[in-house]
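Data first, discussion second: the structure below is written as C-alpha cells.
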Amino acid sequence: MSNNPYVPQLAVIEKITEETWDTKTFRAVFVDEEFRNNFTYKPGQFQEVSVFGTGEATFCLTSTATRPGYIEFSVKRFGCVTKALHGLSEGATVGVRAPLGNCFPYESFKGKDLWFIGGGIGMAPLRSLLNFCLDNRDDYGTVNIIYGARSAGDLCFKSEFDEWKNSPNTNLYLTIDREEEGWTENVGFVPSYLMDLKPNPEGAIAITCGPPIMIKFVLKNLNELGFTDEQIYTTLEMRMKCGIGKCGRCNIGQYYVCTDGPVFSNAQLKGLPLEY
Amino acid sequence: MARVGVFICWCGSNIAKTVDVEKVAEAAAALPGVAYSTNYKYMCSEPGQNLVKQAIAEHKLSSIVVASCSPRLHEPTFRRCISEAGLNPFMLEMANIREHCSWVHDDNDAATKKAIDLVAMAVAKVAKNEPLSSQAIPITKKALVIGGGVSGIQTALDIADAGYKVTLVERTPSIGGRMAQYDKTFPTLDCAACILTPKMVDAASNPNIEILSYSEVENVSGFVGNFDVTIRKRARSVDMSKCTGCGACYEKCPKKVSSEFDCGLGQRKAIYVPFPQAVPNVPVIDREVCRWFAEGKCKVCEKICPTGAIDYSQEDEVITEQFGAIVAATGFDTWDPQEYGNLGYGKYPDVITSLQFERLFNASGPTDGKLLRPSDNQPPKNVVFISCIGSRDDEHGYPYCSKVCCMYNAKHALLLKEKVSDAQAYVFYMDIRANGKGYEEFVRRAMEKYGAVYLRGRVSRIIQEGDKLIVRGADTLAGKPVEIEADMVVLAAAMKPQPDAKEMARKLGISTDEYNWFSEAHPKLRPVEVLTAGVYLAGVCQYPKDIPDSVAQASGAASKVIGLFSKPNLESEPTVAEVNETTCAGCLLCKEICPFSAIEPKLLTDRAGNPVKTVASVNQGLCHGCGTCVAGCRSASVQLKGFKDDQLLAEVDALAFME
Amino acid sequence: MTEQEERTEQVETKENAGWEPKLIGFLCNWCSYAGADLAGSSRLKYPPNMRVVRVPCSGRVNPQFVMKAFERGFDGVLVAGCHPGDCHYSKGNYYTRRRLMLFKEFLEFMGIEPERFKFDWVSAAEGQKFAEVVGELTESVKRAGPFEGVCKR
Amino acid sequence: MEAKVIAKQDISAWLSSLAEKMEVLAPVEDGGVIRYRPLGEGEMNLNFSGPAKSLRDHFTPETETLFRYKYEGLKAELEESPAEEHDRLIFGVRACDAAALKYVDAVYSMVEPRDEPYFARRERTTIVGLFCNNPAWSCFCTEVGNFLTNPQEMDAGLTDIGDKYYAEAYTAKGEELLSAAQFEPAGAEDAAAVEKVKQKALSRLPAKGAHEEACLSYNWDSPIFPELAEKCLGCGVCAYSCPTCHCFDIQECAQGKKGSRFRCWDTCQFEKFTLMGHGHNPRPSKKERTRQRVFHKFKYSIERYKMLGCVGCGRCISACPVNIDIHAVVAELEKPAPASEGVNNE
Amino acid sequence: MSMEQELREKAKELLSSGKVKVVIGYGEGSIPIKSTPIFVKTPEQADCLVLNPTCTNNLTVYLPQAVKSGPVAVVAKPCEVKNIVELVKENQIKREDVTVIAVSTPGILNDAALAEFDLLDVKKISWKADGVAVTTSQGDTVIPRDAAFQKKCLSCTAAQPAIADIKIGDWAERAPLQDKFADVEEYEKLSAEEKRAFWAGQFSKCIRCYACRQACPGCYCNECFVDKNGQIWASKDTGAESNWFFHMTRMMHTAGRCTGCGECERACPMGIPLSLMGKKMSLLVKELFGTQPGESMEDAPVFGCYQTNDPDPCPE
Amino acid sequence: MKYAYYPGCSLHSTAKEYNQSAKEIAKTLGIELEEIEDWNCCGATSAHSMNKELSIALPLRNVARAESMGLDVVAPCAACFSRLKGADSAVKDDPDMQKLMAEKYGIEYNGTIKVHSLLSAIHVLGDEAIKAQVKRELTGLKVACYYGCLLLRPPSMVGFDDAENPTSLDSIMADLGAEPVEWGYKNECCGASLSLSKPEIVVKLTRDILSSARRAGAECIVTACPLCQANLDTRQSDIEKKYGEKFDIPVFYFTQLMGLAFGSWPGHLGLSKLMVNPEPVLQGLVSKGE
C-alpha cells in the first residue's frame, strides 16, 4: 500500500438503518484487517466516502472511536453520490479516506456542562461527541441535548433517544417546527426553544450544528444567554474535494476548513473573513 | 444508483430460439445497479407479470427492465403491471430483443451479444429514470364527424346517444353517402333507402347532432381534447329556415346538367336535391351552371318559391369550433375503368360500372327503376358482369381486393332475373370472395336459383358489333375461350380513396398508406384509432369494407370517443419538457422551434416584485414530448422528462464500455 | 484491381479480419423505430452490428449525441427519422435535417470519414428500407475500417 | 563551487549525453508558445524572452489518474497507478519557475500526509536554470524576491554571455552535472561578462517591493475589486499560466464495470469552484473571486506559509485577454491615499 | 478631429444627457502596447476613452450583464456590431437598452507585429498611412498594413452596420485585401487521417481554461454544458478526445452566430487555431442555408427556422 | 428528318410494294431514308423461340450499323421493328448483355440511337404536315385500320399509341380525307406465323376480321404490317373456298393510300401487286384525280 493519500481504504457496508424517508445511516467495516485493528479517530472528524462508478463525497464520522471495529456515517439523499449510496445494499464495497480534519477539543470540555444543539441531519457530527462523552460519562458535567427537525419523521437516531434519556444526568429536549398529532414533546424552532430552556453559561460548553439559518440564530442567542465565544463550538460545511488541505477549495482566508476545521470555536469564526 | 430488476422474456421461442436467454440474464445480474435478474417463457402473460410484482416486493426494486418485444407493443402492459406493484409506471425500460434482435439475426452468438448490450443500455437508462406523473387537461366534450355516409351517421348517432354533442360535416348537399345511391343491399336484399333513410332522419332529429351539409373542413389545429376546427359552410343560396322542401323550384328550373349522384346517367337541375329522401331536404343552387349566376338572367326558382326561401346573396360562412375528438368517415371513390382500353368503357355506352347499374335499378334513378340500356333504352337480355376491374391488378389499378364486388355482382345477377325474367346473367370472376355472414349462401342462390352463369376467367376484349357487345373471355374451368353476345356489360370497378384523401390526412395530422387510405394505429389491435391521439377512423376511408363492417367500425370509433369523453379530463403526456429556470438564459430559441407552440416566455421577479429575467416555460398540456426544443437548447436548460440528456447518454456510455 | 476492390481487399488483410464494426443508431419512435419493428416482424435479415437508442422524434437527436458516440469510439452512427412532411410531431424532422446536414459537413471537415455517419429517412412502412440502410452503413463502415478515434494519436 | 563556462555549440552534446541517463526536457517552440518538451520533440529554442509555459504540468499534470478500480455486484478492487520512477532533467528553467517550486512544495507538504505523487516527481527532477537576458515587459520578479540573482530550488544555472554560457552550480547534484567534459573553468573576463549581463537585465526590472509586510493590511473592501469584476471575463487563463497555482479538482471516470479517479487543474476563478450542493456559494460573484486570487497570492500566503505566493513571472499579465495586471492591482492596494476614484486601474 | 476625440465627445454627451448609465469602451492598458476595456460612468471619465490599433477586445461580451443596471453605450467594430444584432435577436439585450457606437477602424494590431520591438520602450501606437506607427525612443516606425493588422481586419469589407446609433470612422465599403478563407482552403487539402492528426496535436495542447468561451459574446449561458455536475456531457479530463468534444460542441453552438471577431483564437494561451473551425462553419451555413450572422434584424436564427426545400440527405 | 432505313427481308420480297410506297411517301414528306448498308435478316418470329442470344445478336448488328451511321433506325415491318426494338432495349437495360454482345458476337453497340416504326415516324410529324401533302382527297373511302397484334405490343417496350385502343393509323387516314370506320377487330391477331404450319386457323381468324370489317361498312382495310397484309389479302380466296363467303376487300399498306392521296403515280405504289384487285374500290378516286 503506497502512501498516495488520495487512494481510499476499502470497506464493506455492514448495516443500513433507515433514519428518515431520505436519510440512512451506514455502518462500514474496513476490509484490511491490519488497518481496521489500529484505526482510530476523534469525535468531530470527517471522512471522504467513495462510491465506485459515481464519485466521492464528504460525510462526518457519526460513530465514536470508543465503540471500535466499525465506522458510521449518515447520508441525506441529495446529489449523485448520496443517491448512489442510497441505492447500495448491505454487503456492498465502498472506499473510505478517514479520519480527516481536526476534532472537538474534548479534553478542554472535561468537567463542563455540555449543551448539544442539533438541527436535522446536523445531529450526526454531534452524536459522535455525544456518545464519546456518554462512554466517558464521569469526565463531564450534565449533558443536555436540544434536537429539532422539521417534523417527527425528520428526526434521526430515534433508536438512541431512550439510551440518551436514561444516561446519568442527561436530558433530551426534542422539538419539531410544526404541530403534529401524536407528538408530545416541544413544538417550535430550535433557537427559540433554546431561549426557553435558558441554559446557564457558567462552566458550560455549547456545541451546535445544523442548517446555516439555525446556526446563525443559535450563535446569536447563545451570546445573548451569556455564552462567550470561546464556549461555543460548531462545525462548518464547505465544498471539499481532497480533504487534506491541498486542492485549495475550502479556504476561508488563510485557513482550510478541511484541515484547520471543520470544528471551529465561535471566537475563531469571528476572526475569519466573512466568506463562508 | 437505483436497484434494478431485469426480466428476460423467451417469447415462447421467438427470442429463445436465437438468443441464449440464460446467458443474457446472467450477464445482466453482473451489471452495476442490478439487484435481481431472471428470465421467463412469457413475460407479458399473467404469471410473467406476477413474477415481476413478487420480485419488486421481495427485493425492494426501484426500477424494472423487461427484455422482450418492442416497447411499442407492450410498454403500456408492463407500465400497468409495475404500477400495480407500487412503482411509478415510468421506472421501466424495455430492451427490444425480438424485433430488433432475435427475428433479424441468424448468428446466435452475435444475437446473444447484442441482446446483452441492449439490456445493459436499458439498465443504464432505467437507473437514471425518475418517477413521472401526468397532468389533467380539460376536454371539450363535443365530437366532430367528417363525412355523412352510413359510417358517419352511425358514429354520430352512437355518440349522441351517449349524451355528447356531435357535429356531422358532409361535403355534398345531403348526408347518406354512397349507400344512398344503392338500390338493394346484400345479402338480405334490404332496400338501401329503407334501412338508411330512418337513420338519416334520426340523425337530423337528434338534438345532440348538428348536421352541416354542403360544408367542408378547412383547417384543424390543437390536440386531443382541444381541437380548433375551421369549417367552411358553402352558400346553398337557399334559406334553410324558410324552405319546406316542396320541390317547386327544381321542378321549374330550366337548366339541366348531368347528375353526379346518378353517375352521369341521369340529369339534374341547376337547383337540385341529390335524391328525393335527401336530408336536409333543402335544395342547393350549383352556382357554376345556374343561369342567374353564369349569365345573369332567369331567377325562375326565386319567382316560383312559395316561401321566398331563395337567396342569391348568401355567402360562404367560415366558422371555427372547439372539439374534443374527430372521427374521419370520408368514404371512398370508384376507380375509372377507362384505364382498360380493351373493355371499351367510355367508348361503348352499354359498358357501365356497377354503381351506374345500381342507379339504373334504383326507383329514384334516371330510369325510375326500369332496367334500360343507356344506348337505346331497351331492356337488356344478356348482361355480363366482370369482377376485379382495377382491383387485384398491379399493372393498371390497385393490387388489393376491394372486398365487396363479388357480393354486389351476385346481387345484380340475382336482381336482374327478378326485374327482367328472361334475362341471363354471366359473371366473369377470378375467385369468389364471399366470406361474410350469409354471403356464400347468397352467391349460391344467385347461381343455382337464379341461373347466373359464373365463368371463372378474365375478359380479354369487348367489341361492339351493331347493337351487340361481343364479350371475349376465357372459361378456365372448361379450358376454352368463350364469347358472349351481350346487351350490357357491367364492370365491378375498384374502390379507391377520395381524391383529396392525402390533403385531409395532412389537415388531421394523420398518415396514409401508399394508396392514400388513412393509416390506423395498429392493423390488428387498434383498427379504429390513428397514431394522433383524439382522431379516429370509421368506414371505407381506412380500407375497402362492406356496410356491416363499416357500421361496426363506426360504433367502434364512437365507443372510443365516448371512452375519451367519459373521463372528467385527460391525463397529459407525462413525458413532456420542463425548463430549469436557473440556467435558462432566455434566448427563447425553443419557443421558435416548438411544433406545438407550447413554449411561452415567463418573467421571473424577485420577492419584491421587480423583474429579474425572462425564461422559457412549457405549457405541459400542449407539449407532445417530441424533444425538438431540448436538442436546440445550447445550455441544456430544457429537458424532456423520460428522455433527458443524462438518460440517453447513459445508454451510449453503457454500450461504449461493454467488453 | 479497381479502387473498390483494393479497399475491400485492404479491409480483409488488416489484422482486423475478425473485426466487427460497432455501430449505434438513434431512431425516432414513430417512424424509423416502427420501420425497424416491421423489418423484425417481416423477418428481414440485416447485420447485427448496430444497437438502437429510441428517441421520441428525430428532432430530439442533438448533434452532440453523435459527437459523444464518435468520442466513445463507435465506428459508425445512424440517425433516422420520418420523411419530411410525415413527422408525427409535424415539424421535428425539419429542424433535425438542418442541424445534421450542417453537422455532417463539419464532421467531414474535422477528418471523420463521411461513410461513418448516415442520416436517412425511414417510414413506419419501410421495413425493407431499414434493413438496407443498416446493411449499407455496416458495409461502408467495414470498408472505412476500424475507427481510430476522433483524434488519431 | 567555482563557476564554469560551456561553449554554445557543446550544449546539445552535453544534453544528449545526459539524455542517456535520464529524460531531458528543454524549451521547444510550438504554435508560438515555448513549452518544456523532451529533446526529440522539436527544435530547442534558448533565446526566447520572458518566461515560457510554467513547469506546473510537469509536476501536477493537467489530468492525472490517481487510481483505477473494477467493481461488480457487491465486490470492488483497487489498482493504484504506479508512482513516478524515472529521473528527469529540465533544462532552461527560468528563476521564477524554480522559485515557484519552493512555494508549491510548502503547500503540498504543510499538512500531513504530503502529496506523494507530486513529491515523487519533485525528488527525481534536476533543474538547470537559464538566466533571463531580456525579461518580458510583464516581468516583475525582482519586486517580490531576489531569486533572479541567487536562484532557489535550482541545481545549476547558465547565463548566456555571447558565444558561451557561464555556468554556476548551486547544489551537489549541480556540481556533478558541471563536471561534464564540455565545461571548462570560467575566466575573470567571463565573470565580468556575466555581471554585465545580469546588471543589464536587472536594469529593466523593478526594484524590490515591500509586499511581504504591506499585503497583511490589504483593504478587503477596496473599490478596485468591483472594477476588476466588471472587466474580468471569468476564464482561467491567469490561474492556468501561473507557476504557483496549485488548486485541483477530483473527478470520476466511470467506464461500465471499471473506472478511475483522476485529478485535474481547477481554479478559484471558476464560479462552481466553491458552489455547494444546496446552492450556497461563499464566493458567488467575480468580485470575491478576483479578490481571492490577489489575497491568496499575497496576504494569505504570507500568513500561512510565511512566503509570498507570487514569483512575479508576469504570465498572468501577458496572458489575460482583457489586460488585468496583478502588479498594478497590488500597487493600487498598497497606495496609502484614500480609496482612489478614477477609472483606469493604474 | 480624430476618431478618439469624436468618441470622447459623443461619450460625454451620452453620459451628461443621462441617456446611458455607462459607456463601455477601451482605455489605456497597463503598458502602451495594450488597451483594456473600461466602464465610463461619468462625463469626466470619458477622457480616459482611447481608440488605437491595440483596441482588440470584443466589448459586446459585457452587454448581457451590463444592461441589467440600466441603458448602456458600447463601442463596437464592424464584426462586433453583428454580435449586438445577434444578442438583440436572442433576447439577451433589448435594442432600446443599447446605444451602439459603431467604429470602423483601418485595422487592429496583431500580437506578432511587435516582435522586433523592445516592448518596454514603445511609447505610442497609432494609425498612420494605412499602416501602424510605433513610436519608440528612436521615433516612429510604420509597419505596413499586411504585417500590422489581424487577418480578420485584412479581409474585412466594413459593410454598412445593420444597426448603429452613432457612426465613427470611414464606413465606406472596402474590398477585402486578403481572402478570408485562404487558411481554410489550405487545411482542406489534408487527407482525413492528416486532419485528425492535426486536431489531435491541437486539442492535446488545450488546458480547458475556457478563455475562448468567456471571450465569445455568443457564449452567455449561465451554466455551460461542460460545467454540468456529474460530467453529463463532457468529462473534465484534458485528454484530446474530451477537448475535441468541448470545441466541437462550442462550434455547433456558435454555428450561424459567430461573426468571426477572432477573439477566441487571440485569447487562447496555447495558440490553437480556433478561428479555422469558426470560418469553416460560417462558410457551411452560408452554403447550406444562405444566411450570415448579424446582417439583418429580420433573419431568423439558423436553427430557429427551416424551409421545406432545405438540403436533404436523400432527396427523393 | 434523316433515318437509317431497315427494309427487312419481306420488303425486298413479298412486300415489295410496301417498300416502294414507303420510299415514295417518305420523299414527299421530306423524310430521308438511307438504307443500312449490308443489313441482315432480323430473325423475325422464329429466332427467339430457338436461341435467345442469336435472336438479339441478329437485329442488334443492324442497329449497331445504324449507330455507326449516327442515325435513328426506321423499320416499316412490324416484326422487324419488334425485333430491332427488342434487341435495342435488351442491351440498354442490361449492361452484361451489352458486354456479352461485344465480346462474344463482336457487336459494339453503345445505345446512343433509338428505333422507330415507320408508322410512328410518320405519325410524329403531326396531322398538319400530312394534310399539307394531300393532293387527292380520298373522300368517301371507308377504310378499316388494322393494326395487328404485334405492331404496338408490348406497350412498355414500344411506347407508342395505346396498344388496347389504338388511334394513330385512324388519324392518318382521316388526314388523307378517308373515313376510318369504328370496328372491334382492329388489333385482333390474323394468325401470323401459323400461316405455314396451321393454315386453317389463319383462314378462320382472317374470316372473322374481314367479316367484322364488312359489318363495320369498310370498303378496304389498311395495315402497316406485311405479315397481316399477306394473310388478309391472300386468304380471301381460301375463305371463299371454305366458307363460301366472298369479301373482295382490298388490303392496302397505309403508305400506298398515302401515296395515292399525295398524288403519286399509282404505278410507283405497287398497287398491282395486291391479290385482291383494288381497282373497283379506287375507281371513283383515281379517275376523279386523273
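Order as written gives the chain letters A, B, C, D, E and F; numbering starts at 1 within each chain.
Here is the rule we use: contacts are C-beta pairs under 8 Å (C-beta built on N, C-alpha and C of every residue); 3 or more make two chains touch, one makes a residue touch a chain.
Owing to the predicted nature of the structure, the values given are computational and were not obtained by experimental measurement.
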TODO: Enumerate, in label order, the chains that touch subunit B and subunit D alike.
DONE: A, E
TODO: Select the chain whose centre, defined as the mean of its C-alpha atoms, is least distant from the mean of all protein C-alpha atoms.
DONE: C
TODO: Pick out whichever of the two, B-F or B-C, is joined by more C-beta pairs in contact.
DONE: B-C
Task: Most widely separated chain from subunit B, with each centre as the mean of CA atoms - done: D
Open item on the list: Using only Cα atoms to place each chain's centre, name the chain farthest from subunit F.
Closed with: A
Task: Whole-Å gap between the CA centroids of subunit C and subunit D - done: 48
- [ ] Go ahead and note the Å separation of the Cα centroids belonging to subunit A and subunit F.
- [x] 109
- [ ] For subunit B and subunit E, let me know how many angstrom lie between their CA-based centres, rounded off.
- [x] 57
Open item on the list: Taking the mean of the C-alpha atoms as each chain's centre, how many Å separate subunit A from subunit C?
Closed with: 54
Task: Overlap residues in subunit F, where contacts from two or more other chains coincide - done: none
Open item on the list: Please output the residue numbers of subunit C that touch at least 2 other chains, ranges allowed.
Closed with: 63, 68, 85, 91, 95, 99
Open item on the list: Two or more other chains touching the same residue: where does that happen in subunit B?
Closed with: 32, 593, 632, 645, 649, 653, 656
TODO: Any two chains that touch count here, so list every such pair.
DONE: A-B, A-D, A-E, B-C, B-D, B-E, B-F, C-E, D-E
Task: Complex contact set, residues of subunit E against subunit B - done: 64, 90-92, 220-225, 228, 230, 232-233, 253, 300-301, 303-305
- [ ] Going by the contact rule at the top, pick out the subunit E residues touching subunit D in the complex.
- [x] 27-31, 33-41, 45, 48, 57, 61-62, 66, 112, 118-120, 202, 205, 207-211, 213-215, 227, 229, 231, 235-239, 263, 266-267, 269-273
Open item on the list: List the residues on subunit B that touch subunit E in their complex, please.
Closed with: 582-589, 592-593, 601, 614, 632, 634-637, 645-646, 649
Task: subunit E contact footprint on subunit D (complex, rising order) - done: 30-33, 57, 62-63, 134, 136-138, 204, 227, 230-231, 233-237, 239-241, 249, 251-253, 262, 264-265, 267, 270-272, 317, 319, 321-325, 327-328, 342-346
- [ ] Going by the contact rule at the top, pick out the subunit A residues touching subunit D in the complex.
- [x] 2-8, 10, 12, 50, 52-56, 78-79, 89, 91-95, 212, 237-239, 241-242, 244-256, 259, 273, 275-276
